[in-house]
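Below is one structure. I have some questions about it.
Order as written gives the chain letters A, B, C and D; numbering starts at 1 within each chain.
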Amino acid sequence: MNITVWNEYRHEKENPVVTDIYPEGIHTCIAEFLEGDDHVVKTATLDEEEHGLTDEVLANTDVLVWWGHKAHDEVKDEVAEKVKQRVLDGMGLVVLHSGHFSKVFKKLMGTSCDLKWREADDRERMWVVDPTHPITEGLGEYIEIEKEEMYGEHFDIPAPDELVFLSWFEGGEVFRSGATFKRGRGKVFYFRPGHETYPTYYHKDVQKVIQNGVKWANNEGTPKNVYGNSQPLEDISEK
Amino acid sequence: MNITVWNEYRHEKENPVVTDIYPEGIHTCIAEFLEGDDHVVKTATLDEEEHGLTDEVLANTDVLVWWGHKAHDEVKDEVAEKVKQRVLDGMGLVVLHSGHFSKVFKKLMGTSCDLKWREADDRERMWVVDPTHPITEGLGEYIEIEKEEMYGEHFDIPAPDELVFLSWFEGGEVFRSGATFKRGRGKVFYFRPGHETYPTYYHKDVQKVIQNGVKWANNEGTPKNVYGNSQPLEDISEK
Amino acid sequence: MNITVWNEYRHEKENPVVTDIYPEGIHTCIAEFLEGDDHVVKTATLDEEEHGLTDEVLANTDVLVWWGHKAHDEVKDEVAEKVKQRVLDGMGLVVLHSGHFSKVFKKLMGTSCDLKWREADDRERMWVVDPTHPITEGLGEYIEIEKEEMYGEHFDIPAPDELVFLSWFEGGEVFRSGATFKRGRGKVFYFRPGHETYPTYYHKDVQKVIQNGVKWANNEGTPKNVYGNSQPLEDISEK
Amino acid sequence: MNITVWNEYRHEKENPVVTDIYPEGIHTCIAEFLEGDDHVVKTATLDEEEHGLTDEVLANTDVLVWWGHKAHDEVKDEVAEKVKQRVLDGMGLVVLHSGHFSKVFKKLMGTSCDLKWREADDRERMWVVDPTHPITEGLGEYIEIEKEEMYGEHFDIPAPDELVFLSWFEGGEVFRSGATFKRGRGKVFYFRPGHETYPTYYHKDVQKVIQNGVKWANNEGTPKNVYGNSQPLEDISEK
């Protein structure tokens, strides 16, 4: 499996708090815990040419992981459109945290993807609500994160195909924190945690979920579809 | 309820076969069978200014019915975007037949919305697969249409929230012909039949479904959401 | 619409705390706020003959509301089975609170319907996660209940057809508190609140949800199905 | 993975047509094409003691495949109940063809599971409608079966979690032929084809689907749930 981890990579260069936590960028941290088995893991970032997402990179990516926040608007429309098309053609997509507002995710969802939020060190407890789901393999009944940004309902997404995690926040809110969506031949997993000012991506259970999510999103060879004008398969001539 | 029936209104002016069937346009035919009860039904067409879909018209529309085919590209992007936003804000949308390829529907679905098709006078039999659904009120177990254009799977849409009708076609194909989708505060119903060269919109059961669909799609006052930065509802100060 | 409110009616006779809150039984309280419009509302209780659910009562019930808790086992199997069959045949069912463990609900779900619980005066905040749903008509973004029994995930139900409410509890849990399920021609709405030691059914928003739920569950005439050996609808003789 | 293939094994002993096709029983045919990789495949049949499904066999089965037809009633209630509980506890279940009417499947669905049927050598064409699903790996856009028993809608099941295949039948019907359901910690796949008088289980694509289905249904270690009275995870003492 070929994995590409995409990161906006701005907070880490501009905010010392974030630099301390992720000195080589969130993408490098994520790439490291995704390595292993037969995975080839590469990274790409906003300020590279074509945001590091050339046709060749996309064609050779089985699953793309996406982290973005403050610079969604700087992602070129044509790149966002190419990524979306590649998902429809079978590439898996794991969208993390503030990636809910990325051009790619909004295009795939068709909704505003808006939500409530607060940066106030809320405790988060993420409950498994689908204990059949391979994304929950190896977890307990919930994941607890000591401090995180709050995301609250209403989360303006289509009803997910599968709802995997629900979050409880100390300040009184709930959130659909893990959700899957099929689009074309591609599988999309949205996973909430990962605000840049917290060391969330070092949390073992969070890592486990992303490892599982990438594995789940990988399309190993389902049917390709033919569209357009189509000859009858049965005789309809004698009407 | 305020209903607006939108039609591209081109085939009827250019193809005598279609003119004979719908002399005053498909929109007029549909508007007529939607009248009654307390409904106010208006129409709008592509060649009117702003395609007949001004801010005022949209603000005063509870449910929009959409028929388009050969001129999807002529619908201005800003109008398509406004219609989409109005759906997310609570307007119902009933998309008919070749409207599957309209800008509005594709934006709301996030997929290509592509399919197989054939104009060969196939017989269509549309089976009810959800006999709890209010859209099926008053129907029998299936609707039979003597001749129609074939639409076949794979239909590249997200898994519908509710699958209501499945079509059988004489030439050997099947199709998810009636499907509902929630987007934001808006309800969307896609309904397959209605190729312009057949008198499908005079079929009593087809009319019944569209009447039911409009009624179902009408949002009578569900909660408005507040998004963005949000104060805690519980005390989190003593951490 | 003919509504029957069924109640176990035991706590109210045995526990003075409950008697004080619901002196004439939970069923009477619920029946009162369901009256109005063209509704005919009746009640039935466990200790009546056939638990008040004779064939005639069931045949004349469009929507059944169910509250039970400590005496689920005393409901006769044949009555539970008859109620289930009537749901499959089109009767709506609104299952409240501890009714999650009733024979009828478990038969319709096929799962254990188990959950976590605690009686400790938790505050509950029930968030609307589906703001298109008619069951949420007239509500705000959430319903707050000062003190309630806690119900927590994992709730062992099939993935609901529609998830309407999610609860936050003070003690750290979440719960899928409002969920819809279609079974046969019947519509089922599970709604969490209503522990007998709290005055929950006097809460205006809780009443509104149950009123909306009953209206939603009413099947106004969808297709009846024919099953079994079936003649071909198309000629298959010349193979 | 430990697989057990269960078969009623009656038609093969009583009807020479079936004996000719499956001389060692349908279970043996299925077991043979499921062998390989690290799978251990065993069989069990109705006339064995406890129908071959002792506690030990069930405890050591990861995925159970079920074929039954004329003797559903002879399956003991307590065995059916044990199998159901084992599914809720994580065992995968692949239900084939007339197994739709088995006690186990009906208990898990909560509906009648009724349908239309006809034995008239209809041609069946099973279309893939979910080209992301691992159960469709290695297939084309449809599977064609020259002659099969017809199963037609309405199929009285809950709306599936995932709809994978839709069948077209020569006589004019359609059917939801491949559908998945999650129940408790168990995954259930219903797959339509396989009437005993046709050599359907020698069809390479049918075999591929069952191989994929077994692999999909295998639960490799998702969370076990704790139910019942539960201590608060957050401090609620100072209210």
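Going forward, contacts are C-beta pairs under 8 Å (C-beta built on N, C-alpha and C of every residue); 3 or more make two chains touch, one makes a residue touch a chain.
Listed by chain with UniProt protein names: A, B, C, D = ThuA domain-containing protein.
Keep in mind that what you see is a predicted model, and the values were worked out from it rather than measured.
When every chain is reduced to the mean of its CA atoms, the largest separation from chain B belongs to D. Counting the residue numbers that touch the partner chain, chain A and chain D have more than half of them in common.
The rotation relating chain A to chain B, fitted on Cα atoms, amounts to 180°, rounded to the nearest 5.
For this pair, chain C with chain D, the centres built from the Cα atoms lie 31 Å apart. Centres computed as Cα averages put chain A at a distance of 36 Å from chain C. In chain C, the positions touching at least two other chains are 123, 125, 128, 130-131, 141, 152, 154, 159, 161-162, 170, 172-173, 182, 184, 223, 225-226, 233-234. Remark: chain B residues 84, 88, 107-112, 114-118, 120-123, 150, 152, 154, 156, 158-159, 161, 170-173, 181-184, 223, 225-234, 236, 239 touch chain A in the complex. Against chain A, the residues of chain C that register as touching in their complex are 125, 127-131, 141, 152-155, 159, 162-163, 166-169, 172-174, 176.
Per the touch definition, chain A reaches chain D in the complex via residues 123, 125, 128, 130-134, 136-141, 161-162, 170, 182, 184-187, 219-226, 233-234.
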